[in-house]
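Shared chain: subunit A. Partners: subunit B in the first complex, subunit C in the second.
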Partner chain A sequence: MIALYLPGRSILHRAPAGVKLLALLALALLISLWPHTGVTIALAGLVVVALYAFALLPPVVLLRQLWLAKWIVVLMVVTQLVFLTPWDALVNTVRVVSIVLLAALLTLTTRSEELLAALETGMRPLARLGADPRRIGLTLSLAISMLPVVAGIAERVRDAQRARGVRLGFRIVVPVLVLALRHADDVADALSARGAD
Partner chain B sequence: MTDAPRRFDTRDIARIAVFAAIIAALGLIGPIPVGPVPITAQTLGVILAGMVLGAWRGAAAVAVFLALVAVGLPLLSGGHGGAGVFVGVTAGYLFGWIPGAFVTGLIAHSGRGRLSWWRVALGGVVGGILVVYALGIPVASLVAKLPLDAVMIGNLAFIPGDLAKIAIATALTMTLWKAYPPVFGARRERALAARTAPAAADATDASAR
Partner chain C sequence: MSTAEERAAPGSNEIALDGVAVELDGRRILEDVTVRLAQHRIAVIGANGSGKSTFARVLDGLVRPTRGTVRVHGLDVARELSRVRAEVGFVFTNPDAQILMPTVAEDVRLSLRGSGLARAEVDARVDAVLRQHGLGDHADAPAYSLSGGQKQLLALASVLVREPRLVIADEPTTLLDLGNARRIGRMLIDDLDAQLVLLTHDLELAERCDVALRFHEGRLVEVGQPADVVRAYRREYA
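Take a look at the complex of A and B:
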């Protein structure tokens, strides 16, 4: 499975996913709610860079994340300059980008499976409200297994239509939907036959 | 007619999962530049989930898709993903997709008997545009510390694309009502049972497969 995770052996990689998730929430709240001065916003930026170094990720990773955030930067700077002072625009942009980079760090240092497991644990209190964390976990892992299936169906239908010279448009979606939903019903039958109800 | 389920059965779970995957697959198309604004097919999938699966299952499919994005799969249009997108400027729109799909399904599946195209389209407009923007605009304004009306004006650029997507999603849903009736579940069966004996309903079901 292609995920955004980058393997590593740093302390950040080895920390439990739940702890990292809570730490991210706390830091993100702190950075977004703090009434920033020049010093504190610089500090926030420095903390983020330091955490990337702490995760032993090569500097190019941080640069790539910054590049991915380029549209946020452009959007923020342009719109803010219209309504606010250049200084406020700078502070707000650094604030938002550093939180986005922090969240990206969680994704880069944590396997998807571990985050899924942490989510399942976090949902345990919901059981009292009638939700079943195990069924939610089943739905999530089913969805992951269906990603390549649906992509494969789309590819097959596209090839078939191209071979017949059909002009591609949104019409192509109908057979993809029908085949994908039929696959889902087959999977449901297989699950029921094995007593997953 | 929401058919609020006490719990989802296996068939519901499989359909929720496959629709999450369909929303992801639609992210592979585009972005198609129409004028200055790039249009992604991903929101088409969100609207479609509500229209086809109905309020509860549609919202669940969107929630599953967002959970997969949150744990680090690059499923958002353009290969984005990870926890970062849920704290950025556009986070409100992403969260808005869940109630958006719910309201779309609620309106689209209201009434009895056959699905009517105008209810489906109305559901798309209210759920896919009004509800999503009702969450997206305030959050964008809060995160970016911009005045509300400025964000609102910026949003107008997306309305034509959204309307086009709703038109496409409505056409797809009405086609699917004929092409794969089982997915509409109890409602479609009731529409049939109103006219035919159970045996005939079975036969229709079998021929549709």
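Take a look at the complex of A and C:
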């Protein structure tokens, strides 16, 4: 779900991460709070597409992000059709998908370390409340890189139960959690060994 | 000042353990290890659960001894942990546990966080170390997309970019195929400038070190010429 950085030389790639982060915040607020008409929602969608073009990313990247967002679309359309008119469901779905695509654009054009540095700067006022922005930043990027690891663990446990001809059903959570926690211990060791604590 | 401290002045190559014991939940994992090592390449062999890993972790302060003192290159591991960590690099068996950042270059960069180097210098070092390890074309690739061998090369690159003076490797070739195991083995044994403590089940690799230690049931049972130590170990299972 989280898009990985694609190297490039566009203005969006070179813009400071902090500026991009603030722009994302502003655009996301604008798109979600604006009382949309057909024209403005189409405009929002167009702006997103234009920004992808502006980042000189090939169209297939945008399509891939859209495809990744398919479950969000399904979830939003189905649940909202129950309570709202089809038009409102459409507008709200475009809203959310636009924001998801914008967030993906940020991570596609920004190295995560630059993003983290910007976040750390942004969180600096929290230091007065006793929080450690460097730690929060490191935790965030660890969380990002652990997603595929946990997915790999789940895959392994699924394979193991298949190979042994058992069906754990919902109980599969237990071995996955145990392995994930054990992995967390190893990661803690690696963090210490690399002088990160 | 004691004689031991004089011998192990800062800047020396000596690893010195005095009466080191580790107990965990009432179980003895390491018993009364006393040893002085100044050789360049140190092999550590022994069965699973013999105490090898605990010995390695004690050197880096990842495990705190219940009793005894550990000095690495003249630094007291218990008291000067951050200086020890700056001096020592640790390579784990499973690179998945060691690779912490989403992409290859970022993971190497993490090692230089807080090093005070200028950005251009960091870029140059990351670039150089990745190329040295055959990962130059993968700098922006997601780390999880690498093969097992490439992951271990990345783990090694992330350790070596800090230019440690001692590298501890805990069975770094166990999960690798023959080709990758050879490659990592060569890099550690032949190409490494830093001192090496190599835990391994690959006895050929152990024989190429300058000294070998053998652990058995938590005890250090033998220190000597690698060929002799390996022969004794083989005989035990003959």
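Descriptive notes on the structure:
Methods note: the second predicted complex is superposed on the first by the 128 of 197 C-alpha atoms of A that agree within 3 Å, B and C clash if a C-alpha of one lies under 4 Å from a C-alpha of the other, contacts with A are read in each partner's own complex, and residues count from 1 in each chain.
Here is the rule we go by: a residue touches a chain if its C-beta (ideal position, glycine included) is under 8 Å from a C-beta of that chain, and two chains touch if they have at least 3 such contacts.
Just so you know, these numbers come straight off a predicted model, no measurement behind them.
Touch criterion met: A:Pro7 reaches subunit C, while subunit B stays clear of it.
In the superposition on chain A, contact is made by A:Val150 with subunit B only, not with subunit C. By the document's definition of touching, of the two partners only subunit B reaches A:Val174; subunit C does not.
Of the two partner chains, subunit B and subunit C are each touched by A:Val187. When subunit A is checked against subunit B and against subunit C, the one touching more of its residues turns out to be B.
When both complexes are overlaid on chain A, the residue A:Trp67 reaches neither subunit B nor subunit C. By the touch criterion defined above, A:Trp87 reaches neither subunit B nor subunit C. In the superposition on chain A, contact of A:Ser112 is made with both subunit B and subunit C.
When the two complexes are laid over each other on chain A, subunit A has residues 4-5, 111-112, 142, 144-145, 149, 183, 187, 191-192, 196 in contact with both subunit B and subunit C. Every residue of subunit A that touches subunit B in the complex is listed here, in rising order: 1-5, 24, 28, 32, 65, 68-69, 72, 75-76, 79-80, 82-84, 88, 92, 96, 99-104, 106-108, 110-112, 115-116, 119, 130, 132, 135, 138-140, 142-147, 149-151, 154, 170, 173-174, 176-178, 180-185, 187-188, 191-192, 196-197.
Contacts from subunit A toward subunit C in the complex involve residues 4-7, 111-113, 141-142, 144-145, 148-149, 152, 183, 186-187, 189-196. Taken together, the subunit B residues at the contact with subunit A in this complex read 6-11, 13-18, 20-22, 24-26, 28, 48, 52, 60, 64-65, 67-68, 70-75, 80-89, 143-147, 150, 154, 168, 171-172, 175-176, 179-180, 182-183, 209.
Against subunit A, the residues of subunit C that register as touching in their complex are 57, 60-62, 82, 85-86, 88-90, 92, 94, 96-103, 106, 109-111, 113-114, 140, 142-144, 158-159, 162.
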